[in-house]
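Shared between the two complexes below is chain A, which pairs with chain B and chain C, respectively.
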Partner chain A sequence: MKDSPVLLDVAGLTVEYGSGPGAVRAVDDVSFRLRRGEILGVAGESGSGKSTLMTALTRLQRPPARIAGGAVTYHPGSSDPGIDLLAASPARLRELRWDSLAVVFQSAMAALNPVMRLGAQFVDVIRAHRQVGRKEAWARAEELLELVGIPANRVRSYPHELSGGMRQRATIALALACEPEIIVMDEPTTAVDVVMQRQIVRRLMRLRQQFGFAIVFVTHDLSLLVELADRIMVMYAGRIVELGTAADLYHDPRHPYSQGLRDSFPPLHGPLRELRGIPGSPPDLRALPPGCAFQPRCPKRQPECTTTRPELPPAAEHGAACLLQQPADLPGSKAVR
Partner chain B sequence: MAAQATALPLSGPLRALAGSVLVKRIAFYLVAGWAAITLNFLLPRLMPGDPASAILLKMTELGPVSPQREAVVHRLFGGANSGPLWDQYVSYLGGLFRGDFGLSIAFYPTPVTDVVSSGFWWTVVLVGTATVISFVIGTVLGAIAGWRPGRRFDSIASPLSIFVHSVPYFWIALILAFVFAFQWGWLPLAGGAGRNVEPGFTAEFIGSALEHAILPAATIVLTSISGWLIHMRNMTASVINEDYVLLAWAKGLHTARVVSGYAARNAILPSISGFAVSIGMVVGGSLLTELVFNYPGLGSLLNQAILNLDYPLMQGLFLVISLTVLVINFIADSIYVLLDPRTREVS
Partner chain C sequence: MSSTEAILEAVAVTKRIPLHGRDRGRVVHALNGVDLTLRRGQILALVGESGSGKSTLARLLALGDLPTGGEIRFAGKPIRRADRRAHFGRVQMVLQDPFSSLNNLHRVRYILSRPLRNFGRTPAADLERRVLDLLERVNLTPADDFIDKYPHELSGGQRQRIAIARALAAEPAVLLGDEPVSMLDVSIRLDILNLLAELRNRDGLAMLYITHDIASARYFADEISVMYAGHIVETGPVEQVTQDPKHPYTKLLLAASPDPDRPTASSGSDDLDDLDEEDLAEPPNLLAEPTGCPFAHRCPHATPTCSTEAPPTHTFTTGHWTRCWLYP
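On to the complex of A and B.
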């Protein structure tokens, strides 16, 4: 996975709510790369900016949210110079959406149009991107539903006639409709029970094998990501605080926040650990603490943490934005306040 | 399988309509209709005093009253010298099916059926058309305002319609009549059509009727448009934040498709039920508007009936109004089920 070509290159992405001096920065200078066929997990508490990041990737942010800076470059082919999604024309963006970049939302009940038959919601997107007849599109919808274990005759059902788990799987099937290269998933398993969650995750892994799409998987559930993701990105107060492989994050979390996250979930396999919560509550983005945003809650806080904002080491395989991880003589030179 | 799937979207709703669900709904409306008819029978009999004697007294003032006419009054309104209640009820129902409501007092000696049907079409055409026009315009403008809440159109249209909404509609009618009919004389001041125009399916009559309808219709449209606008504006503004609309954008669908299939398609549902109710109310007439313009519709008739204590006419009008409301609601219910699958009952 490490060597596969870069599919999505996110550089310095910044999203703000509102403008002017009162603007709240929900995503702050986020950079990462998504490789072909990779599952990249994004973990964080509510308010950490992970959902805002997801909508910004697909340019679906709604006012008052606006993208204040950065670039999201999509590389359809390996030799291609890439398309900046944030600068693409509305028509170009419309072509790329779903065809290359599909989305699965958190609440499947709210994400399906209540007055359209399930199949019709597949047919309209298939026919918007592919030159196929109505009949063919309906047949394709049935195929897709069967792919996620929903009987083909459900194609004529309305969303309210399906169970919660079926609806969630249907939205995943919907995301596959045009065989996209990237699927962005915002907590797709949060609204279903644990058994259904396992089923969905297992099916997702199998589908990824079959179709080779890459996934950006957003969730607050780090233990789920450890099972599912190739790499994990931990977000706190709109910034990436740690980025590494799933194994790195699980066995060797370097940022105190990632350690706290890991220790607040029971492991799915292996011996039980003592569970610990993270003291305090997520920071107010309108008034971030000076220095490291996590320092008021950090069990390992040092005096310089309140004055120096740590940066994520660029291009590291596994890195954390924490002063404890950086050579002792460096922090002073990067003082921001 | 695929062929079946494409053919089914039409037959599905029809299938839901057929069978026991439709039968149940018809039964419900039949019971409601029976209740309306029975209340119409009971009300004059529950009134203090003896309306039948009062009516007969008035009729004798207006002209000779034959025994048959006296019998009709007793059948409709009870009275001292009529038989037991059950017999009265049976003969009341019998008269109803023959369409016999007795003679109007205000328009003595014209039968009530003739009086009601003379006003019926005036009102249905005027108020019905005006209601449809204001619904269409109000809903379209509301959707535009709600699509981009807070933008220029919204910030002008929404406060303006709240202002218009709070203006009494008869006052608007008076202003329109004063300015356009009295002051400038562009349009006729009163009536349904020119006095010397023979009613019929002629260009002259239709032209004259249209000319007379403009001001009352404008009154109704102007005052009711704002309700539709505000309603649709608020629904649209909330629906465009729904996940399924966001997903429609994410699918890369064209704006027209997002609006017609997702945003407006869902936002309009509550307006449709509101529309069904106001269409049902059409026959009740727009009382004050009809009065201001002296329009020969059901509203004016109701006013005359009340002023003249014309119980037979009132009874006939109430029955026509309540039965029309039921019929329209039945139709609206059946259509709404096609539009919103969530309201379909499982048979």
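On to the complex of A and C.
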């Protein structure tokens, strides 16, 4: 996976709500690369900017959110210069959505049209991107539903006739309709219970093997990500605080926040000890603390943490934006990755 | 452990909810012969999927609604409708969403002094001191800073602390927590659970902890009851149920829970092969008259008997029992 070609290159992406002096920076200078066929997990608490980041990647952000800087480049197939998603025209975006880049949202009930049969919604998507007849599109809809374990005859059902788990799987099937290369999933399993979550995740893994798409998987459940993702990025107050493989993040978290997050999940097996979580609460983005945004809650705070804002080491396989991780003599700790 | 005094019990509780409109005449079988015992100084976790009846049971225990069969007992005595007022003071609830369970129009002072006046007959002169005490008990310190705040000025974790303080104001013997931490950020959930455990230790409260997170139930509770389709399918001491589950549904629940330490983690390998590969079963139909085992249609070990005859209760060790035909 490490050597797969880069599919999506995000550089210095910054998203603000509002403008001028009152603007709130929800995503701040975020850079990462999504490789072909990989599952990139994004973990963070509410207000960490993870959902804002996803809407910006897919250009689905709505005012007052606006992209204040950075670049998102999509590299389809082998065509080299890549497509600048932030500069793409609405018509170009329409072409790319569903076809190359699909999104699965948290609330399946809100993502599906309540007054259209399931099949009709699939047909809409398929016929917007593929030159196929209605009949063929309906047949394809049935195929897609079966792919996620929904009986084909459900194609004529309305969303309210399905259970929550089925609806969520239907939105995943819809995302697969045009065999996109990237699927962005924003908390796709939060609204379903654990057994259904496990089934959805397993389906997803199997489908990825079959079709080879890459997934950006956003959730607050780090324990799920560790099992599911290839790499994980942890966000705090709009910035990436740590990026590394799932195993690195679980066995050797370097940022105190990731350590706290990991230790917030009691184990299912093995010895129990008292866990403390992370003291304090997430910061107010309108009034971020000086220096490192995590320092007021950090158990390892140093005096310089309140004055210097640590940066994520550029291009490291596993790096944390923490002063404790950065030898003082390392030049270019301001560098943009 | 189970020798401790029972304080609040559900005995063979059944709840049928009649439907209206097009489905008039049909009933939802929300709870079917449920037995549950809360003991002084103990935490009982109730786990199960959404729609399994966990919250319905909590509502009946709090007397927010009456059972259609069986009875609720407090300190050994059956509770009747006439006992409601006294019961409300003894059994308090902490709800899931602290953003909707607190009235946004009132200050913390008012929110906390209402139960003090309604249940505690606290003299007006003492109110402020009692409110400050409550805030300190839930670690909202300095209490003076919080007493005149409105809920919107507080974070989710702080609001949930207020909700807990409000429940404590009535000086209850039992606290019913209906997913008290699931709406909170991961990093502050443990804080709240630790606070509840501390209150249990200090005041000897009995607690019901409703959750779908079996790992937190293991961390926090003394006993676990597993619910499926309005039936309790397994109950036992927390370590026994989580480390040596007996009922196939409990096993499924444990196998499905995220566990980074699972030997075959990542890569999506099929570590669930003892479970039905295509177990995409739909939620049980609660409109049908319950016959046999509620889990029979999904159970990998199901036999014809399972769907026709109710399984017997089998006890393993003290306090650990399951209802399943697998155990003679």
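Annotations for the structure displayed:
One rule holds for everything that comes next: the second predicted complex is superposed on the first by the 317 of 337 C-alpha atoms of A that agree within 3 Å, B and C clash if a C-alpha of one lies under 4 Å from a C-alpha of the other, contacts with A are read in each partner's own complex, and residues count from 1 in each chain.
Assume a contact is a pair of C-beta atoms (placed from the backbone, for glycine too) under 8 Å apart; a residue touches a chain by one contact, two chains touch by 3 or more.
What you are looking at is a predicted structure, and each value in this text was computed from that prediction instead of being measured.
On the shared subunit chain A, the superposed partners chain B and chain C are arranged side by side without overlap. Using the contact criterion defined above for the overlaid structures, shared-chain residue A:281 touches chain C, although it does not reach chain B. When the two complexes are superposed, the chain touching more residues of chain A, out of chain B and chain C, is C.
Once the two complexes are laid over each other on the shared chain, residue contacts for A:46 go to chain C alone; chain B is not touched. Contact with neither chain B nor chain C is seen for A:298 once the two complexes are overlaid on the shared chain.
In the overlay built on the shared chain, the residue A:206 is in contact with chain C alone; chain B does not reach it. Of the two partner chains placed by superposition, only chain B is touched by A:158; chain C is not. In the superposition on chain A, A:136 makes contact with chain B only, while chain C stays out of contact range. Of the two partner chains, chain C is the only one touched by A:247; chain B is not. By the touch criterion stated above, A:118 is placed in contact with neither chain B nor chain C.
Of note, the Cα-centre angle with chain A at its vertex and chain B and chain C at its ends comes out at 70 degrees, rounded to the nearest 10.
For the pair chain B and chain C, the least inter-chain C-alpha distance in the overlaid model is 6 Å.
In the superposition on chain A, the residues of chain A contacted by chain B and by chain C do not overlap at all. Against chain C, in their complex, chain A makes its touches with residues 45-46, 149-150, 163-166, 169, 193-199, 201-202, 204-206, 208-209, 220-224, 226-230, 246-247, 250, 260-261, 264-270, 272, 274-279, 281-282. For chain C in complex with chain A, the residues that touch the partner chain are 49-50, 155-158, 185-191, 194, 212-216, 218-220, 242-243, 252-262, 265-268, 270, 272, 278-280, 282-283. Listing the residues of chain B that touch chain A in their complex gives 1-3, 5-6, 8-9, 12, 241-244, 246-254, 257, 261-262, 265-266, 269, 339-342. If you check the complex, the residues on chain A that touch chain B are 58, 60, 62, 93-99, 102-103, 105-107, 110-117, 119-120, 124-125, 128-129, 134-136, 138-139, 142, 152, 155-156, 158, 160.
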